[in-house]
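We just call them A, B and C in the order they show up, numbering each chain from 1.
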Amino acid sequence: MDGRPPLRYSAAFPPETIHEIQRAAAEGIYEIRGFGAKRRLPSFDDLVLLGASISRYPLEGYREKCATDVVIGARFAKKPIHLKIPVTIAGMSFGALSATAKTALGRAATAMGTTTTTGDGGMTDEEREASSLLVYQVLPSRYGLNPRDLRRCDAIEVVVGQGAKPGGGGMLLGQKITERIAGMRVLPAGIDQRSACRHPDWTGPDDLAIKIQELREITDWQKPIYVKVAAARPRYDVQLSVKSGADAIVLDGMQGGTGATQDVFIENVGIPTLPALREAVEALQELDMHRKVPLIVSGGIRSGADVAKALAMGADAVSIGTAALIALDCNRPIHVGDYAALGTAPGACHHCQTGRCPVGIATQDPALEARLDVDAAARRVRNFLSTMVLEAQTLARACGKSHLHNLEPEDLAALTVEAAAMAGVPLAGTSWIPGR
Amino acid sequence: MCGIVGLFLKNAALRPDLGRLLARMLVEMGDRGPDSAGFAVYRRPAPEGSVKMTLFHPDPAHDWAGLAAGFALALECSASAERRGSHAVLTASVEEAPARAWIAARHAEVRVMGFGRRIEVFKDMGGPEEVARRFDLAGMDGTHALGHTRMATESAVTTEHSHPFAVGSELCLVHNGSLSNHNRLRRNLARAGIRFDTDNDSEVAAGYFAHRLQQGDSLADAMRAGLDDLDGFYTFAVGTRDGFAVLRDPVACKPAILAETDDWVAMGSEWKAIAPLPGAAGARVWEPEPATVYAWGAA
Amino acid sequence: MITVDLEAATVRELNQRLHDLPPDTNETAWTIVNPGGRHALLAGLTQPVSITVEGHVGYYCAGMNEAADIVIDGHAGVGVAENIMSGTVRVRGNASQAAGASGHGGLLVVEGDASARCGISMKGVDIVVGGSVGHMSAFMAQAGRLVVCGDAGGDLGDSLYEAVIYVQGQVASLGADCEEQPMEDADRAAVADLLARAGIAGDPARFRRYGSARRLYHFHVDHADAY
């Protein structure tokens, strides 16, 4: 102790708030950044699984099977998708990500028997080639949308919203709009691209139903059609997606990542994945459509534990974006000087929007992109997916399940009152579900 | 989120066919609104000084004759009730205000779906074909009619949540779209004495217009004021004593088509609602401009 | 000439039949009768066939068209020729909202009026409208040309990128970042060519040109009121 009083920081104006006010005062515009919500949120971490003992019997770890397959699109599509694992790779654009990163994700997903997804900007030949099962997004911007790619994809995802920004449109800042990306999007190179928040030719479920009919007609009713919504009012959105004729629903919670969005949007709009999932499952059950219209949930999924808990709550599969990028190398402590040049450090980097990704993932700079070795990167994502599935199986077997889908909400307990209320499972040690 | 149809007959010779024509229009909008359907038909005016009220009770066997007898006795007037599906049209030789007050006081479980001298309003859960059959829409004559098929967005699927909503005497409203500020507006209107039966956004629009009319606005003025006060997306159609009025929000994403021949004026969310009408192929067809009130008859 | 009656055949059957046509098909001339406002008619065609629809069509007629030449002898619903890639789509009556939305190529002709958001998000298609267009036409339009022989509604060309708009009549108002630009010889030649291809009479000299002021291409504090 040197005798000086300890510094006392304001709770209302902590250093980061002071910095943000002064940054806004200097620049006059909101902060745009990548990554997902950084604030603390109730999550799957607040739930635990109830393993078997005497009242229930567990399955042996390696010898007794715990199946992981899931079929998506059997409602209307002639060619449903058969996933070997209930973990898919979420939509991330070529533009936000480098071609190498997209290829690595595709190869990993192919090796694991699951899907990758295009993004705002269209489909590249590289990702089609790398991905044996590719979901093609139809977004409000319609960048790169064309009938050839619609026919050569394996499923179509009509994107209504993204968990990082429910109600907002896409962004890609000029640094990342190279000639190739500008060409795919039919935009001038180097401009700050803002894409639309609503589709240009439909608004609302009645018109969405007609849009889905058109997409089915163009593809001769072969492809599963997903509807992706951001978690804000999932009860309504899920039911309206079903009524509009979706084969599957993708629900993206507020922890979902982004390549570039206003920070104020990322941190303040939407609801976390946990309560969104419960509302969505209840909405499907009300329509007697649970397990009939598959529900794929995303936003902050990081481990096999998250997979097991999400499936126990009623999801049919999960989708990962940020976690897959981290498996690729995002935020790895290499090229530390480049992180410093961005004003950040490994572990805290969210500078996808700059295009100066130190590890060559969220960039269009050839020199940076070369830092990502595609074979090694694909292997890492494959290893990560494999680990997630092994973890989920381990947990499911401990609960006596021979298929991941047989996990139930009753296999869960909550560690906090908040999580109990949001997930609709009892607080551990009680039979109390707040609000019921 | 829904389908809207409207038909105003200029040629009196078509009046016996009004219900049959509207039913065909309504069925075409079934895909847009599979949850429930409803319609308002303007027909057979009650004599001056009398009122027609369309009433609904959840019990399909409700004793409407008994209600009419009690009504006549209490208000010292003549009153008769004609059952039509789960609804009944009560015609009585009294003014509107005491008639509605008596129903509200003595039969709180009975909903007044519409009131005036001409208007009759029927609505129920189910697709338009089924709902039209339940109420024998095809057998109804009249001068003009509005219809609605509903795909519920946020509020429940019930008979009460179905459209049309009564706005005021001889007035009803149907809506395609979704309002974004209806909750606060409902609270403000409730404080001003407007009664709401549901949490439905469209009912708030109906209540808003009813309130403006009570304050002395013409319907057209009320609708223009709505452009400032009702936020969100909408195509509204309002049935009036002798026509109907149409308004789209300033962004105008929700569809609307108007068509006119020498025999009729029709409105629909899509052309296929209008296509079954006689002479439709040769009709003058256009789309209402955003933020513009269109009205036929005395709006 | 092959005639398909949509009172007898379903939209699905018709579209499948057209999708199954081989590149060397000799079934190149079609007439569709009784369309009755049905949706997704002739969506996703890929062969250079000529099709006339006798009557009014619903949403997304000729959506994502490639190579086919389609005439709608009636009115068209929302999103006619949305995301058109090539070929020609002609509407003899009026077109509803979002005509030619996000179209990449080819030609869309509306002989009557087109309503709101005509050419929204267009990405290379050429659109010629004989009558007027509604509000927010060419919203966020990226490439291609929109020729309007009549008037244009409010907020024309809002958030415009590199598409070019030519209007002969009155413009109710311009949207954010849309400005009137000088009409050069090349513009008059372009309008003359498009009118000729559309078969619509008009005097290119009477058209005015509107394009992007490119002030919103980069985020800037002084443009905040335009975002």
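To be clear about the criterion, a residue touches a chain if its C-beta (ideal position, glycine included) is under 8 Å from a C-beta of that chain, and two chains touch if they have at least 3 such contacts.
Bear in mind the structure is a predicted one, so any value in this text is a computation, not a measurement.
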Indicate which of the five shapes (line, ring, star, complete, other) describes how the chains touch one another. complete
B-C or A-B - the one linked by more C-beta pairs in contact: B-C
Centroid spacing, where centroids are CA-atom means, of subunit B and subunit C in whole angstrom: 36
In angstrom, rounded to a whole number, how far apart do the mean CA points of subunit A and subunit B lie? 44
Can you list every residue of subunit B that touches 2 or more other chains, as numbers and ranges? 253, 255
Hunt down the residues of subunit A that sit against at least two other chains at once, touch-wise. 207, 210
Multi-chain contacts in subunit C: which residues touch at least two other chains? 58-59, 78, 97
Using the touch definition up top, name the residues of subunit B that touch subunit C in the complex. 28, 251-253, 255, 257, 270-275, 281, 285-287, 289-290
Seen from subunit B, its contact residues with subunit A in the complex are 1-3, 31-34, 151, 153-154, 176-178, 233, 253-255, 269
List of subunit C residues in touch with subunit A within their complex: 11-12, 15-16, 19, 39-40, 43-44, 46, 58-60, 63-64, 66, 78-79, 82-83, 85, 97-98, 101-102, 104, 117, 120-121, 123-124, 139-140, 142-143, 159, 161-162, 217-222, 224, 227
Residue ranges of subunit A touching subunit C (in the complex, touch as defined): 27-29, 32, 141-142, 145-147, 150, 173-174, 185-188, 191-192, 194, 196, 200-202, 207, 210-211, 213-214, 216-221
Per the touch rule above, subunit A residues touching subunit B in the complex are 198, 203-207, 209-210, 233, 236, 240, 243
